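This structure is in structure tokens; I'll ask about it shortly.
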Amino acid sequence: MADIAIRAVRKSYGKTPTLHGIDLVFASGEFVVILGPSGCGKSTLLRMIAGLEEITAGEIAINGRVVNRLEPRERGCAMVFQNYALYPHMTVAGNIGYALKVAGVPKAERLRRIEETAKIVGLADYLDRKPAALSGGQRQRVAMARAIIREPNVFLFDEPLSNLDAKLRVTMRAEIRKLHQRLSATSVFVTHDQVEAMTLADKLVVMNKGVVEQVGQPLDIYHRPASIFVASFIGSPAMNLFDAHINVDDACLAFSGTKMPIDRALATRLGERRVTVGIRPEQCVVATGARGISMKVDFVEELGAGRVIHSELDGQPFAACVDEETYVRPGDRIALELPLAHLHVFDRETGRRIELEVEPRSGRNARQVLEAV
Amino acid sequence: MADIAIRAVRKSYGKTPTLHGIDLVFASGEFVVILGPSGCGKSTLLRMIAGLEEITAGEIAINGRVVNRLEPRERGCAMVFQNYALYPHMTVAGNIGYALKVAGVPKAERLRRIEETAKIVGLADYLDRKPAALSGGQRQRVAMARAIIREPNVFLFDEPLSNLDAKLRVTMRAEIRKLHQRLSATSVFVTHDQVEAMTLADKLVVMNKGVVEQVGQPLDIYHRPASIFVASFIGSPAMNLFDAHINVDDACLAFSGTKMPIDRALATRLGERRVTVGIRPEQCVVATGARGISMKVDFVEELGAGRVIHSELDGQPFAACVDEETYVRPGDRIALELPLAHLHVFDRETGRRIELEVEPRSGRNARQVLEAV
Amino acid sequence: ETTKFEFWYGLSGDLGERVQEACKKFNDSQSEFEIVCTSQNGYDTTLQNTIAAYRAKKQPAITQIYDAGTLDMMLSGAFVPAKKLMADNGYTIDWSNYFGGIANYYATAGGELNSFPFNSSTAMFYYNVDAFQKAGVDFKPDTWEQVEEAARKLKAAGFECPLAFNFDTWPLMEQFSAIHNQPIATKANGYQGLDAELVVNKTKFVDHVNFFKKMADERLFVVKTKQLGMDTVPAFTSQTCQMIQTSIADHGTIGKSLPEGVKWDVAMLPVWKGTERQNSLVGGASLWVLAGRPEAEYKGAAAFLNYIATPEMAEWWSTVTGYIPVTKTGFDAMKSNGFYDKAPYKGREFAIQSLSFTPTSENTRGIRLGGFTQIRKEFATALEAIFMQNADVQAELDKTVERGNAVLRRFEKTYAGQTLN
Amino acid sequence: MDKRAAFRSWWLPSLFALPQIILILLFFYWPAVAVLRWAFTLEPPFGGTAEFVGLANFKEVFADPLYWNSVGVSLAFALCGTLATIFIGLVLALAVDRQLPGSAPFRFLYILPYAIAGPAAGMAFRFILSPERGLMASVNAAFPDFWNPAKYGSHALILVIVVFAWKWAGYTFIFLLAGLQSVPRSLIEAAAMDGCGPIRRAVDIQIPMLAPTLFFLLVIMMTEGFVGADTYGIVARTTDGGPNHGTDVMVYRIVEEAFRGLNYSGASAQSLVLIGLIMIFTFIQFRFIERQVHYK
Amino acid sequence: MIQRTPFANALTYGVMIFGFLLLIGPFIVIVSGASQTFQQVNSIPFSFLPQDRLFENMSAAWTRANLGTAMLNSFVMASLVTVGKVALSALTAFAIVFFRTPLKGFFFWMVFITLMLPLEVRVVPTYAVAADLFQPVRLLISAATGFEVSLDWNLLNSYAGLTLPLIATATGTFLYRQFYLTLPDELAEAARMDGSGPVRFFIDMLLPLSRTNMLALTTIMFVYGWNQYLWPLLMVTDPAYKTTMMSLVALLPADNGTPDWNVTLAGSLIIMLPPLVVVAVLQRWFVQGLVATEK
């Protein structure tokens, strides 16, 4: 168990800067998920913690000790790689026990610990197999066992689930979570899958293009995305985003021929400005009567438990989730209500969130979110 | 436009039987989706329609004409491959027009048709590029254009979306659907992604291990899965399945210390027997008061728009979807109500569905489903 | 403790085995030295390998270098002169006992031998007497006119290959030039300076080639080479062809190879009618003792060279090969005991006769040209072009002389400042 | 193409590479220096002090029509040999790739000639294609001199090219077959659906897809033909460069010039030219052509 | 695929059989010729039927060309080249691929330039080096210190001389490098996280993993070593070190002898056999290895 502090860390490959100054603190025992699109620098950050990548500037401390100059094996981290990086010519037992072998642990002791660890991940019956003879999920478990056996202070995971099929991914997600509850070592988990991120994280770090966009609890981030990027990246189907502007005279948010009154003081404070407004598909309400914005249904996706209606708003695609009972067909017109309480407003220039209500609406720890941003 | 009849078709590779007698009829202009787990024989079936695979036994007729001995090019089918199979050394125009070139269509005519087709798929500006210079979605469109230009009677798609990332997949799904609406040629679409299957299909064929498990409209299959396999394969998170038995004396369904009364006549007809009962996670209701089955929460997955609660029933994992407002934590106990109306009962021996109600509950075409099974 | 030393030689096949035999005899004759004899499979490779080994300081004590390599050796400074070696090791040799014609080829301007003449030969003319009789040829071909006549008769009698020849320049160019008193190069064929130039494109040799060309076109003379599948000697011994010119060294081999009872004979090379025949050139090779070996080896080398020069060994060597004895006493001894009258050896005396036909002149003393291996190759190629590809005789020879001269000039430049001694 | 290097030591890799580096320095770079030195001096055959002669050796080489002849012969040999091996390999690969029943053993058999040394093959072919025995004798009996490599330079060149092609065809076959098998099957199927028969598919799809492999083989085989270990051996044991320099390839000429002609300097000058040629050739390979034929 | 292509199929079989005749036919001629008598081998037309004299001819060839020593020498030479190449290449490629050092690029180019210049082009000076191995060292020392040292090491007529110059090229290194590059980066990283250093990684991971490569390289190098012609021809003058390729000359019908091609062919058959067996036995790995060198 160890806490990790990342201070003003930068990374450049040659002349190309990849990470532009990262500051993060992970508490001991926390399960941290780093989420971001491909190429944003997640792996790089993780690998710098592991000691596999040089730190260009700044420092990383594990348990208060700066590790910039330490070798990977001296940092007490264990890593699970995306492609597992199992040693193909060794048996499962060989793979799991390799670190101990290198460390010179006597054979008897080693065998005992291998068996113990194999039991934890449910591989006790497969110790003699070669990785090639294992299924994807089993290989994943070997990779985990290899990490566990070293009793590390920190677990690092680099997209360990992305090679698995959808079903297995759900199962393994649960297993990783359970494992964390059991071992409660600090874990840093990199992914670009937002479902994985939401479901696993104690603390979620959203990165984009080498900078941290937002840090916080998953639900806070879901409900109060700090930027357009976070808003569009988290949630599926993605949040609908459209242009609007703040009208100070009428104290309203105006878009697509609709005006939504907002607090006049707020309007005055914000001033006349162009904003981007977002609403999640599942928070649109099918309007009864003449209220709401009328749209033509382009097509409908049946999900079994509900359906998604696709249409357009001001020429931009717009999706809304409706329940099983709402039947619509392509070509129908539908009126959608967009409750002000569920609208997210972002500055068009900076992309940052603008708070419409004085007191944040939901989330137990929303304040924390704001602090971190 | 053509209808397709598949009669008692079998396929063996060497001595290993892969398809065990498939009977299917696809109406002209229908959009058929074949869904099944990996290795179940979907591609094999599709490729037999295309003429890329010999038919071991049985026959396939397109538009009433048996095509068993016809070469691929003589069948009037066009195919979109999983990896698109674009000719990397030809330009987009070359790719699209290759079939015409082989057929000896004069150059002027060919160019005209290439442009026309490129316009349909929105590639008019890319005709001179090589596939390597296109994005995934664009390549997909080239593959479609190559199929369209031949004005085939039948479109065959072998997992054409599985190489795309999640966002693009949704877009391309919509495009394929629109294209079908426009060209309305008979289309057979193979996938192992149930969302794709649900959202695209006019007719859904669920396969498993070389046999057809169920044929019908997507919603009917969702609501009335004909077998345990279909029940567990369709829907995400997957349907919860657990053991129960029918108690004739008490005329009830008994499981885990709970008894659910059922129609006595039905109970008598079915007789004392062991069954598997299923319920979809989204149809579990959090019980108030002392009703329902009490379970300990193992862990909770936050999806933003709601959460999934994971627990166990009789030692089997059990999931339930709850809305955003229901806060639970790991370790809490929760009582879940499983409405009889939403229970699916399957014979433990055969795995086939047992109808509890006399009149099927939902779905406009449920009868059709039963007929097909 | 015996002293071992090496001897490399170029002879191969049957002749090579005879060398091995000689080595064995030497080793058996005493116990102080052991000679290790290695065939390098050919005269030219022996020269190459000797040079390479010398550069690598792995040279043998004794090496057999053919006539054409003499000057290359002389200027190398890589050898111990024969006279010095023997004197140093306490042998007294009567150097004047060597046949003048032979010694002249290998000796310095001052007449000193740098190497030991060992296997000496000259080119001869062989013909199948049986075939001659069948074709009604009743004369011995002394002139090329007679050869032509014989060839025509043989052809008429159904012999497909009256005369076989290859592109070996030794009989065709070198010996021909000598016996017809034609120069090969200026400066007395190189004896008078490194600045000699080839002139064979302006001598009777040109006519000779033209004659051969005409004969070849009429299929009277036929090209027989290794590349074509059969060289001249096997062509003769298999009775495919009825006349050849080749070394007297092959006399033994030919006698052994021709089927029992076939009548054949050997004669001096023909000359053109009206020519005053001159002595022919000595061929074969001489033995060089290389510098840079330990002193003990020189003792052995001297012992070996002395041993093979003894009259008994000389006789034995000439008997089992076709090579002529190199010393006067050796020859006299053999002659007097009737060796040359006995059946298988009959005719070999013509070689001596050919060699000593006249006293040597500028044109018949020998050839002292640098890089002569290369020059031979150039001429062989020229002949190939002329006979196989119908190249123009004069043009081809002119070109080759020019190429040969380039070799000479490079040699001159490489040894700039050195003079012939 | 570079790997994410994992270890950060400088002395360890140096130690690991050292044996090979030493060998390369001794047997590669040092000789290269010697070649350079000799090419500008006149080296006496038996060694000793060499005289600096500037470009004289090069002038002599370039003035020699036989040198240019050998350049021409080398080009013809390398080019025809390469094209022949690639053509044969390609045709066979296309045939075997169809995987008709019974085609499996051929795949194994075709590679066997690769095991044979050029000179040994050359010697065998001297018999097999000799004008007066073996296979061609009957033909020659009917048409005299129809085939006579000892007489006609062109025949001799054909002979050595045949030996070269025989030895290397199986090698190109292996590469081309692997190349064909890495052409996605779906591409062939797509073409079949587009209406192509097997031959048209080969021409329109498979061969263009092989472009990188073909190019790779072109370079490898050309280099092999110019300076390969077998080229010298084949020529030396089959035709000896003849007749009349008809098969006098550059390597053969260099070795002959040095060891038979005792002209180390001229040979070194020729080596330098050859080295230059190969470098230019390799440069062209890396810089220009490879870019155009790689589809990604 | 459903295909009715009788023409294309016939053509395919035709091509395969033609290829068989073309590539295997010469072996048949060699075997038939080698098993015939002197008269049979020289008869016109040539008979492709093998006869019963194979072993007589082989033993005649064996004695004529003294193949016993030659075969042994060739075997030793091929084996040494193989072992040396396999071992050194693995090490060098490891140094080049898995380390991040300033010298990396230098080593890389230094080694890979040798790919372009086979022994045949630099044979003349290489001979000189083999004859006097320490010349560069001596020159260096005398240039640096002014002292003339007498260091001599001559490789002519030795197994070291036969093999070392052949090992000094990059073919094997290149093969290994390509293989190493196909290994996922994470393999080395996982090993590092597990606490293994570079040497340990090399022994525990790379060596076992490159078994296929080693077999491939073994085949290639054995054939390469066995089939060396020019180099032994130049540097061996001592018959004790003669290799099979040098016996070829002795196998040819003697210049002045009878054209006993049957013996010649039998001899060449003996000489061809060992690499043929190696290729035949190891062909699966060999092919994989060859193909891996590409790209």
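Chains here go by letter, A, B, C, D and E, matching the order in which they are written, and residues are numbered from 1 within each.
Note that a residue touches a chain if its C-beta (ideal position, glycine included) is under 8 Å from a C-beta of that chain, and two chains touch if they have at least 3 such contacts.
Just so it is clear, the structure is predicted and the values come from calculations on it, not from any experiment.
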When each step joins two chains that touch, the fewest steps from subunit B to subunit D total 1
To bring the C-alpha trace of subunit A onto its twin subunit B, one rotates it, in degrees rounded to the nearest 5, by 175
Name the chain whose C-alpha centroid is most distant from the C-alpha centroid of subunit B. C
By number of C-beta pairs in contact, which chain pair leads? D-E
Could you give the separation in Å between the centres of subunit A and subunit E, each centre being the mean of its C-alpha atoms? 56
State, to the nearest whole Å, the distance from the C-alpha centre of subunit A to the C-alpha centre of subunit C. 94
Find the geometric centre of each of subunit C and subunit D from their Cα atoms only, then give the gap between the two centres in Å, rounded to an integer. 40
Do you know which subunit A residues sit against two or more other chains? 52
Which parts of subunit C, given as residue numbers and ranges, touch two or more other chains? 52, 55, 229-230
For subunit D, residues that touch 2 or more chains besides their own: 6, 132-133, 189, 192, 259
As the complex stands, subunit D meets subunit E at residues 1, 3-10, 12-14, 16-17, 19-21, 23-28, 30-35, 38, 88, 91-92, 94-96, 98, 100, 103, 106, 108-121, 123-125, 127-128, 132-135, 137-138, 141, 166, 169-171, 174-175, 178, 188-189, 192, 197-199, 212-213, 216, 223, 227-233, 236-237, 251, 254-255, 258-259, 264, 267-268, 271, 274-275, 278-279, 282
Interfacial residue positions of subunit B with respect to subunit D in the complex: 47, 50-52, 71-73, 77-79, 81-83, 85, 87-89, 98-99, 102-103, 130-132, 146, 150
Hey, which residues of subunit E end up touching subunit C in the complex? 127-128, 130-132, 152, 154, 156-157, 234, 237-239, 249-250, 254-259
Which residues of subunit E touch subunit D in the complex? 1, 3, 5, 8-9, 11-13, 15-16, 19-20, 22-24, 26-27, 29-30, 33, 41-46, 88-89, 91-92, 94-104, 107, 110-111, 114, 116-126, 128-130, 133, 135-136, 164-165, 167-169, 173, 180-181, 185, 188-189, 192, 197-199, 201, 223-224, 226-230, 234, 245, 248, 251-252, 259, 261, 264-265, 268, 271-272, 275-276, 278-280, 283, 286-287, 290-291, 294-295
Within their complex, subunit E touches subunit A through residues 184, 186-187, 189-196, 200, 204-205, 208-209
